[in-house]
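First chain A sits with chain B, and in the next complex the same chain sits with chain C.
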Partner chain A sequence: MRLNKIILSFVSALVILLSTSVASFAKVVGDKIILGAAISLTGKYSSNGVHTQNGYNMAVDRINSMGGVKVGGKTYKFDIIYYDDESNPKRAAQLAERLISQDGVEFMLGPYSSGLTKAIAPVTEKYGVPMVEANGASRSLFTKGYKYLFAVLAPANLYLDVAIETAVELNGGKPVRIAQAFEQDAFSQDVRLGILDAAERTGSKIIIDDKLPKELNDMAATLVKVKQMKPDVLVVSGHTKGALTAIRQIAEMKVDVPMLAMTHCDAAKLSKQHGKNSQYALCASQWHKSLTYKDDFFKDGMTYAADFEKEFGYDPPYQSAESSAALLVFKDAFERANSFDQKKVRDALAATNMQTFYGNIKFAPGGQNVDKPMVLFQVMCDASGSCENKVVAPLKWASAKLIHPIPKWSER
Partner chain B sequence: MNKNFILYAAILIFGLAAPFIFPAFKVQLSILCVLIVLATTWNIQGGEMGYNSFGNILFYGLGMYLCASVQVGMFFPLAEWTESGGEKTFVHTPPQFFQGMAVGLVVAAVVPTIVAGLIGYSILGLRGHYFAICTLGLGVAAGEISGGIEIIGAGQGFTTPPFPNVGSLEARGEFFYFLSFFTLVLTFIAVRSIYSTRFKLILNAIRDNEDKAEAMGIETMKYKIIGWMISAFFCGLAGGIMGGLVGYIDSTDVAFDGREMGVFMVLMAILGGKGTLWGPIIGATIFHIFKEGFWTFFLGWQYVALGVLIVVIVIYFPEGIMGWLREKYPERFGEVVDEKDRKAQVELK
Partner chain C sequence: MDFLVFQYPMITLQACLDGILLGVLFALIAYGMALQWGVMNIINIAQGDLVILGGYIAYFMYLYGIHPAWGVIVAPVIMYFVGIAIYKLVINKVVDRDLFISILATFGISILFMQLMNFAFGADVVLANSGYGTTMLFDNNVVLPNSKIFSAFISIVFAICLVIYMKKSKLGRAIRATAQNARAAKILGVDTEKVYAATFGINAALCGVAGALISITFTIHPYMGLPYTIRSFMIVIVAGLGNLPGVAMSGMGLGVFEEFADYILGTEFRIGSVFLLLVLILVYRRFKLSRKREYLK
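Showing the complex of A and B:
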């Protein structure tokens, strides 16, 4: 029965290990305000997770170097504790719990994607931890009555309904035939709901309605149907991978469709990765660098894009811009609350009404940003083959005219 | 016997006191309990019976969805709860939450057991790799199918009822910890008592030579199915608890998470030593501590570290920690070693 001894010593070793590994941070240490964030550094959302993290880091550096946050006559600097949620909701919920109950974080930044935000929101809500998130757009996040959740972005159902309306308009006000394919995840399914609403509103018909698996690598089956049924609009949404897969296969299979509306074109760096093949794709975006919003920290979109490119070596997708904006919102709220009391900061957040380089920010009672419309841009290439995203809607910011219908592959 | 009693009492007391000694680690401890349950029940197939099942995740995911669905469906229209972008929000009162959870857990345990019986009847005739691949397919298929069922949220996922406000912030953590710890104790008692009966010997006989076992007049099919049903019962229970603990169910990432949970349960059992009672428990504990440690100290590299761990396990501990200990200190496991014979064998090598 020596075995018992082994097990007993094992259990006691475990006890010692657990009791020594309790790390203690606090929300505000010295002159630092510590924010917590679970980010997808690995897994299927890793590229967008990094965009998010870069956006956060960029804003933290900028705010800190420009004087930090002034609360109660003292100056504080931002600091962020990151964990990797592996693009997994189970892990994200666990990490939120860990950030709050072990690391003592009292203010959180959001993760990437609606699904992960959905997993974290109940935890932050339970502890009354204010969370400003920049990458969870699913409408159902804002109807659950969460009091401590604030999103700087417009809800997902608004992403592409503009595209449908534009298509109807270009069709002389007559309904159009829509083919759609969406990844089975919270965000894309919400984009789908937006399309369903728009279709009902305009009397348009949905002739293909496909659900695609996560980690989208192949959608040939949908495209074969599209080739056969010749819809007026093809809508695809499936995060970065979905956008890349769609363009790759549409070009390979030479699928002709008058309008191709997608999400995540800029995060996927479509115009760089696929060049001319991505031409004419119409993309929903929360932000574009050519918009004319301004703030004191990043000046405007163009300056932000230039600074971001200098630091990280690529053009910022909107995921980075909105993440940077989240920090600006937090700074503003801390200063207005003039306190680190969670309740007061929460109330200050709820009363936010400001302009950032990313757009106007004002929260509805549900927590979504109601003061910032979506924009649509189109990938446009010049004769030399270099491609750029140009805003085509809404007209206020349009820097180019929408090219419609997309020329056939045989004529390109 | 006496020593055993002391050991069990010590572990029980530790288990009961743990959430108060380490209040910040309640969630991790609850997950540890769930992991141990999964590893221990996987061991019934993989370790004792010699059937490497990757399909136990099916019962875990099924339990998760069932528990949450019952918990909501008992009091509110389920379709409206899970409707994507649902404009309505229902709030469970504390009694509703706990009643729902209780009934939900019963359903989460019973239905997977029946499912295991039905599936087992049709696929437990397969052996070896064929069985492993077939069960692998089960988990993947279940994930994809559930991702298309609207009433359980489909691709939108399913937010489980939030824990009701019963005064203290700690209540949720404590509730789920004790629930999972209780399940662990129940599993342990059940598995331990099974392992002391003829049933375990039959499972071992199937592992060692199924044809011979059949020739001896053992109805192997019957025992294989029963073994799987026992696993399914506890996996479903574990899933139900995990759903409530995580608070959000996603078809492929949380419920039918074959890529993580499904593989982890196998890994933990092998790490600790399959075919032993304590092996999966030790394996799960070490694995969990390792994993949490990697996550904290090797951010971004945790899967590389985990991969190295797996390689090390396979190369240096092919029989798991228990197997390694057993080889090193056979006398401590009650095995008598003939010193002369051992030396002779060493010389032969």
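Showing the complex of A and C:
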């Protein structure tokens, strides 16, 4: 028995020794810049996790094949170490530790979702590892004073306030009555805060303010209230579940509301799953392929979408586009810093001011991108029942005119 | 707190009708749970996951252009065999152990199913469209989606069929005999092993029907099973085992309770209120039980 114990402790000591010494290869090996990322490849975020990973991979291949990153007169190529965080914040934080302290990664890419980014940010901050993230939009990420966190996307509170402003504008500048239902998670609650701000700014009144549970699949009660109180705008945010449930029940219960604004329509494949019932829904999006931003690597949104479709076999959701943009930001920062020193790269990231196919990127002191407005698209269907998302706001990029108010169900 | 629901009689009516239609569906799932609980003394934590799996069967039929309503025929057939397979692989090893072991085992099955479904079908929320339209009552003030009416109707049909089957068929009688006294049944020539397998299969089939109906009425997602397990557990606790009218009544009661909790406390407390009710009922039953014991002394 004692011998067994001795052997066991010997072996575990050996394992510990090996794991600490062998794995520590550094961030830049030969001509490779190694980035680390914990991504949700399994668990509840796995579909968006895969979109994120595809976006990263697409950009890595593109940048490498177009000359790589030039630092100090030498050309480097990107490489990414991925770990599966199982959609679990605790696991994500552990993996970030592991990437940094065991794998020796000195630059990180973000995970999918605000919750996981929140879990990782304290770790990267502790080690002074610059992280460019593309999928954590929660406002609370940018108010903690993080110095090494940079987000290429617009914060969550800006997702739908455009909708409220548009509604007020269409109402002749007069305040509107708002009904809202938000899931109780960091992201949706931030979207809600944005609506509250917009309501206060425009003097609008919130007449229904419901919260939705995580295991939401029935929001009939909210919709019955909407039917009775007849608001001017109905705002729903509850990830893909919220979008799908809302459209199904609005159609079934024939709820008439002049404007319906939501998040996650494209992730939920609304128009595919619901067809004509999803018509006229307004959706907030970080990106749309019809936007006319340009860069040297992906040219523009349309080209990006076509290339992405060729490689992965589906139309890129904005989650993929913003993930690709994160790599462009890193490349730009490395070249401007002309060094792999983490502090210098961090400062270069903070001074980023560039245009990518995804949008303009310029970071506020909190780390959020302040140079890229959200876009709103509306689901529009033709007589044959095939539906398309068309950008309707901001007007600069609008490819179609907003249909307002939404026709009543009895007239459709 | 919001008492809108009591200010407009139409909303009260709407909440009641919604709750009853929903409750009938819950009762179907709960009946399956009561059946296997009564016969095998197993509390199946994976009940909700079997429901979701049934939902995916209907969803895939819908994807391939078959009307998802046919799922209520196809899903139970497939799920029956899934149930038998689970029984042969896991449940028969824990069936005569104490309740705790079976809870652990089915908890494991539940986790496995969630992950497998996530792996196989993806983490996207999906639904099947029936295109059934809506019934409007009372000058359009009360709306009932026909899909909900359809699912309640199908649930009732299946429940009735099952009751008749239990009463009339040989297997049904064997199941009831085993539930009353497994040892005696065995002595009298009932192959209890077979009865257990069939019971688990029938339960899985009921879950399949319910899942197909849920994919038509609501949404499905690999991780959405647990609330259905909790609800059926709760219904069985209230109704007791082997009490079908009780299951139906407490199912509908729970449905209505949930709807009212939704209106009054807000949607965020909907599932929470079910949990709270479960705790209250368990405490109450324990209280009642302890009084009885004292009386016996």
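Keep this in mind: the second predicted complex is superposed on the first by the 385 of 412 C-alpha atoms of A that agree within 3 Å, B and C clash if a C-alpha of one lies under 4 Å from a C-alpha of the other, contacts with A are read in each partner's own complex, and residues count from 1 in each chain.
The rule is short, and it goes like this: contacts are C-beta pairs under 8 Å (C-beta built on N, C-alpha and C of every residue); 3 or more make two chains touch, one makes a residue touch a chain.
This one's a predicted model, so the numbers in the text were calculated from it and none came from an experiment.
> Contact-wise, after the overlay, does A:Ser47 reach chain B, chain C, both or neither (first, second, both, neither)?
Once the two structures are laid over each other on A, A:Ser47 reaches chain C alone.
> Who does A:Thr245 touch here: chain B (first), chain C (second), both, or neither?
Second partner only, chain C.
> When the two structures are laid over each other on chain A, which of chain B and chain C touches more residues of chain A?
When the residues of chain A touched by each partner are counted, B comes out ahead.
> Quick check on the superposed pair: does A:Gln184 touch chain B, chain C, both, or neither? Answer first, second, both or neither.
both
> Contacts for A:Gln273 in the overlay, against chain B (first) and chain C (second): which applies, first, second, both or neither?
A:Gln273 sits against chain C, while chain B stays out of touch.
> Per the contact definition in the header, classify A:Glu125: touching chain B only (first), chain C only (second), both, or neither.
Touch partner of A:Glu125: chain B, not chain C.
> On the A-aligned overlay, A:Asn338 touches which partner chain: chain B = first, chain C = second, or both, or neither?
neither
> Thinking of the overlay built on chain A, is A:Thr303 touched by chain B (first), by chain C (second), by both, or by neither?
neither
> Let me test your reading of the model: by the given contact rule, A:Asp210 touches which partner, first (chain B), second (chain C), both or neither?
In the superposition, A:Asp210 touches chain C alone.
> Residues on chain A in contact with chain B in one complex and with chain C in the other?
42, 87, 184, 211, 213
> Would you mind writing out the residues of chain A in touch with chain B in their complex?
Within the complex, chain A touches chain B at residues 1-4, 6-8, 10-11, 14-15, 17-19, 21-23, 41-42, 82-84, 86-90, 93-94, 97-98, 101-102, 115, 118-119, 122-123, 125-127, 138-140, 143-145, 157, 182-186, 188-190, 193, 211, 213-214.
> Provide the residue numbers of chain B that touch chain A in the complex, in ascending order.
So the residues of chain B in touch with chain A come to 3-4, 6-7, 10-11, 14, 21-28, 31, 84-89, 144, 147-148, 154-157, 159, 162-163, 169, 172-173, 242, 246-248, 250-254, 257, 260, 278, 282, 285, 289, 293, 295-296, 299-300, 302-303, 325, 329, 331-334.
> Note which residues of chain C are touching chain A in the complex, please.
4, 8, 11, 14-15, 18, 22, 115, 118-119, 122-127, 129, 134, 136, 140, 143, 145, 147, 214, 218-219, 221-224, 226-227, 259, 262-263, 266-272
> Taking the touch rule as given, give the residues of chain A at its contact with chain C in the complex, in rising order.
Residues 42-48, 87, 181, 184, 210-213, 215-222, 224-225, 227-228, 239-241, 244-245, 248-249, 252-254, 268-269, 273-275, 277.
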